[in-house]
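In structure tokens below, several structures.
Heads up, the next two complexes both have subunit A, just with different partners, subunit B and then subunit C.
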Partner chain A sequence: MLRAAVALLIVILLGMAFHADGAFYKVGTHRDALRQASVYGILACGMTLVIVTGGIDLAVGSIVGFTAVCFSMMTIWWSWPWWISVPSALAIGAACGAVSGALVVWPRLQPFIATLAMMVFARGMAKTVSGGVKVSTALPTGDGTFRYVQVPELFRTIDSRILFGNLSMVTVVFLAIAAAAGVLLARHIWGRDLYAIGGNEEAARLSGLAVRRSKLLAYVACGLCAAVAGICQAAQEQQGDPEAGGGYELTAIAIVVIGGTNLMGGRGHMGLTLLGTITIGYLEKILSINAVPEAGRLMLTGVILVAAVLTQRRRRF
Partner chain B sequence: MRRISKRFGATQVLRQVDLDVFAGEVHLLAGENGAGKSTLMKILAGTLTADAGVVEGSADVAVIYQELSLIPTMTVADNLFLGRMPATWGFVSMSEMARRSRELIDVDPYAHVGTLPIGARQRVEIAKAVSRNARVIVMDEPTSALTALEAAELFALIGALKSRGCGIVYITHKMEETEQIADRVTVLRDGQVVASCAAAELKRAELIRLMVGREVSEQFPLRQPVLGEERVRFPEFSVRAGEIVGLAGLRGAGASELLMSLFAAPRKAIAQGVAMLTSDRKTTGLVLSMSVTANCLMAGRRPVWRRPERERAEARGLADLLRLRAASLEMEARELSGGNQQKVALAKWIRTRPSLLLLDEPTRGIDVGAKQEIYQLMNEWSRQGMAILLISSELPELLALSDKVVVMRGGKVSAVLSKEESTPERVMEAAC
Partner chain C sequence: MHRYFLTFLAAVLLAGCSRSVSNPAGEKVFTVGMSQCNLGEPWRVQMNADIEAAAKKHSNLRMVFKDAQNDTLKQRAHIEELVSAGVDAIIVSPKESQPLTEPVAKAYQAKIPVIVLDRAVQGDDFTCFIGADNKKIGKAAGEWLRNRLGPKATVVELKGLMTSVPGQDRNQGFRAGIEGSGIHVAFEADMKWLEPDARKEMESALARLSRIDAVYAHNDPGAHGAYLAAKAANRHREMIFVGIDALPHEGIAYVKQGILNATFQYPTGGAEAIETVLKILGGQQVPKTIVLGSRVFTAENADQGGESLP
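Entry: the complex of A and B
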């Protein structure tokens, strides 16, 4: 916990050093840093659950794309009300997670392989369902022209801000999910079982834990988080891009790791992921307000990832 | 070693410990669970560094670790020659390695270590340390997973090593071994040396008193079993409520497998009141990365929402019952001493209040004092109507505790002996 906080502190100090003529001190900068990090953060919450079991979920980025497309179609094309479209999109994400989880649990595929397959598959689904085009408010008419419709109210609501414009809804959603997942992981018997499974699966099985069910549920929860992220992503972009979420799985994993959760499983918690999310969010923001070009930004992110993980290494006796 | 001190966090594990090991002697290092024996040996071998003090003399030390240090995914031969494989131009000669492996040990050199039973793994570990031709060899409870026969082989080997001028530090909780092989004895208590002298000068009772700090009788408690209804039935024998049935036999005779067959579906078995302490606490007993509390409360009924206060109280009760020595119940199971890990593995199952308790080597690595307490507890539980099936490679323990001894050979039951019939001779006869 302390070390994750140190990483965040360093990033904030970095921001103060390179404040880009005071841009770092504006409220808007912080709000936007959090807003942009929130989608990643939501993914990282689900990812934490899976990583605690000693697994990994590479499919979340594709599930973001798939659910974003589906959610946009339901909302823009078919004008479904939110109380049908939101649960449907969530169910799609959960189903994807359930398939990954089932592959991990029954044929005992390695999580890396099972979710790699799901990653490719879900991306293909997104392209199939959308016909390979972005699902946006520009509806193609038959004769090659477009007809424009209004941005759905639901998208505006999800992408709105509360507290006099100081806090994005997406950030609120992220914090709520982090809190819920954190409580489940720390206090619910399921969370405790996830740690046991990640620590020593055989001992957990022999202690009579429902190893398969708990693991499966972790992947379902991860898919669910990806669906929430997909809904948010669609609302922010006001469209369902079948390519949306590409590479997000790596950012989500990076967040979990920067927080200090062990990739081998059995250790870590949601508070760390929260700190990791904020760290990554600020990092991106600082680089962007200083107008660091994309190429340099990627390189710097890589360096900082390694540095953060090195500072967090547990001291071994 | 001179004035060695070591602390982990807030706990001082070793205080100004002196230890001399001479060529050609077996130096017994005795002490309770958690006294600091393994820690001292890790400092001697250089895998841990002391906070204060010096290690003088040769750094040429090989260690047979208590918590085995083999690589489970590699073969026996790979493990034996790790870091010094016979090679030409960097290419490993597999056949040469296999040949030399066969000279050292009669285990298939191409078998993966992870697939071997714990006794065979222990022998690989011994062969690995011995084959390094080190001047000093540390043996941290080498016989805890060996049968009497294999232990005798080890003692012969120790004799040969001694005459070669090798110094040996030997750690054990099996009291009969102490007289058999020790030349000198050093006793540790709470990380301090309380005695160091020639083995002949120290009587067994005195040694135990020095280790534990109080009188402990080595007598087994008397049993007056009150048998109830039948709890499990096999074709050849049955186990009844209030009865302790001992399973004897050489390794590979199928005793462990027999227990496992009663626990093939753990969830169902636990729901029916069966509990099983497995033989290998590290790989199948504990989640080493979790706290002592979490491990104690892992099995059986648990509330859906955790209540840390109540959990702590419950774990504290179990820890007191088994006299667990831990700096805190929040520390990771990994950080406990070997014997204390065993107690946690046992505590987990006691909590489920089973009606049938399966124990595979319950006192493995447990010190004399705590062994007595576990015997008392087993007696107490069986008085309350628990049925117990027990495997122990220590024959005296097995015979004294059991109301009936079932001897196995080649996967089958070869004899069922009543209390009166079960003498060491008859058991060995039926087993071989």
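Entry: the complex of A and C
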């Protein structure tokens, strides 16, 4: 925990050194840094559960796109109330996760392969259901013209701010998910089982743990988190982009690793993922307010990734 | 899946048709192959839609669409397939210039008219190139802002992927358009054509600058992302938003909804391509290069279909 905090501290010190004419000290900067990290953070929460079992989920970015499209169609096109559209979108994400998980536990596909397949499949589904175009408030009428509708109230609510405009709603969603996933992982039997499976799957099975069920549930939870991220993404973009979430799986994995969760499984903590999310969020924000050119950003991010992982490495690996 | 089905359908159609098919009116039906490099971008989806709509008006045209899914070698294979299937004309919107020059030249040498859309190939072994000029469009956007902003105005530029030629051209053209006017680009960032990135960068610009008079984004989703950031900060009324592309369901829709103040069309050339194909098949001469004009859409003229730029 301490070691992960070191990485965050370094990044914050970096922000204080390069504060961009005081822009770093504005409240809005911190609110926005947390807002833009929230979608990544939500994905990283689900990813942590899967990585603790020694697996990986590459499909989360595509599930963001797929659920963002479905959620936008349900709310913008069909005006479904939130108590139908939100559970439906969550169910879609969970179903995608369940398919990945089922492929991992029954035909025993490598998690990398099973979720790679789901990654391309879910992206294809996103493009199929949306017809390849963004689902926006401009509704095609069929004869080449468009009818315009209002942005759904639900979108505005998710993209709103609380605490006198100082905290974004999506950040609240992220913190709630991190707390729930953290408690499940640290306190619940299922969470403890995930550690046992990640530590030594054979030993866990011989000890009588329901290895298959627990692993399957980890992928379902990861899909569920991806669906939440998809809903937040759609609300923030005010549209369902079939390309949304492209490459987000890698950011989510980077967050988990920066936090210090072991990619080999068996070790990790949701608190670490929370710190990792904030670290990545601040890093992006500092690079952005200083208007660092894209090429420099990529190189700096690479260097800081390695530095962050090195600072929280245990003495014996 | 839809795409594979189309490809399959295209293969069946191509296998089943010889060159002397006629329609119910007794005219000869021409088969035209369209090789699209990537249908992941809304603009290219629109290009195919424009081509399809234009071709539908002519009962003697049959279109065969192919999507290379952003894979240069796949697109090369598609062009070769169209040549061996013996289509009457090929429209190609290449992914890359150099690797597709030779397949296009081979088709041209096989006496099949080839119309190259949007991105050019090298040499001149093709029938006709149709494209728009990003520099000109960027310059028009700069001049449009120049007429609306006072000197010393502060502008935020949200750039498309700066390793791509359209991004570079839209940047250079814009800078030429505002040169000497005193308009100052106070914040610029590469948002890689992506709306979420544009929103992030705009938030940073808002944190740094106490006054912003205009936002110029290299595409409409970028301008929309900037608007959302400014609206969240309750500062959207202090600035005007300008984007590029003007797709019906994106930029033009945003202008009509009062989100963007202006969008500059980057035309797909789909309708012009079909027009040119018909001229060629009818034995007429066509110019080697057709540069497409652009249109500007504002709240005042969007319902009338925009205003064409000089």
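Just so we're on the same page, the second predicted complex is superposed on the first by the 316 of 317 C-alpha atoms of A that agree within 3 Å, B and C clash if a C-alpha of one lies under 4 Å from a C-alpha of the other, contacts with A are read in each partner's own complex, and residues count from 1 in each chain.
Everything that follows uses one rule, which is that a residue touches a chain if its C-beta (ideal position, glycine included) is under 8 Å from a C-beta of that chain, and two chains touch if they have at least 3 such contacts.
All figures in this text were calculated on a predicted structure; none of them were measured in a lab.
When both complexes are superposed on subunit A, subunit B and subunit C sit side by side without a clash. Legend: residue contacts after superposition of the two complexes on their common chain; A:Q36 is shown touching subunit C, with no touch to subunit B.
Looking at the shared chain after the overlay, A:Y195 reaches subunit B, while subunit C stays out of its contact range. With both structures placed on the common chain, the touch criterion links A:I289 to subunit C but leaves subunit B unconnected.
When the two complexes are overlaid on their common chain A, residue A:G132 makes contact with subunit C while staying clear of subunit B. Taking subunit A as the reference chain, the count of touched residues is higher for C when subunit B and subunit C are set side by side.
When the two structures are aligned on the shared chain, A:H19 is found in touch with neither subunit B nor subunit C. Contacts of A:R212 after superposition: neither subunit B nor subunit C is touched.
Contacts of A:A203 after superposition on the shared chain: subunit B is touched, whereas subunit C is not.
Note on the superposed arrangement: subunit B and subunit C approach each other to a least C-alpha distance of 36 Å. Overlap of the subunit B and subunit C interfaces on subunit A comprises no residues. Considering their complex, residues 8, 48, 263, 266-267, 269-271, 276, 278, 283-290, 294, 298-300, 302-306, 348 of subunit B touch subunit A. Interface residues of subunit A, counted against subunit B in their complex, comprise 186-189, 192, 195-196, 198-200, 202-210, 266-267, 317. Residue ranges on subunit C touching subunit A, taken from their complex, read 1-2, 39-40, 42, 45, 53, 162, 187-190, 192, 195-196, 199-201, 203-204, 206-208, 224-225, 228, 232-233, 248-250, 253, 256-257. Listed in rising order, the residues of subunit A touching subunit C in the complex are 20-21, 23, 26, 28-29, 32, 36, 124, 127-128, 132-134, 136-138, 140, 144-146, 148, 159, 161, 233, 236-238, 241, 243-244, 284-285, 288-289, 291, 293-294.
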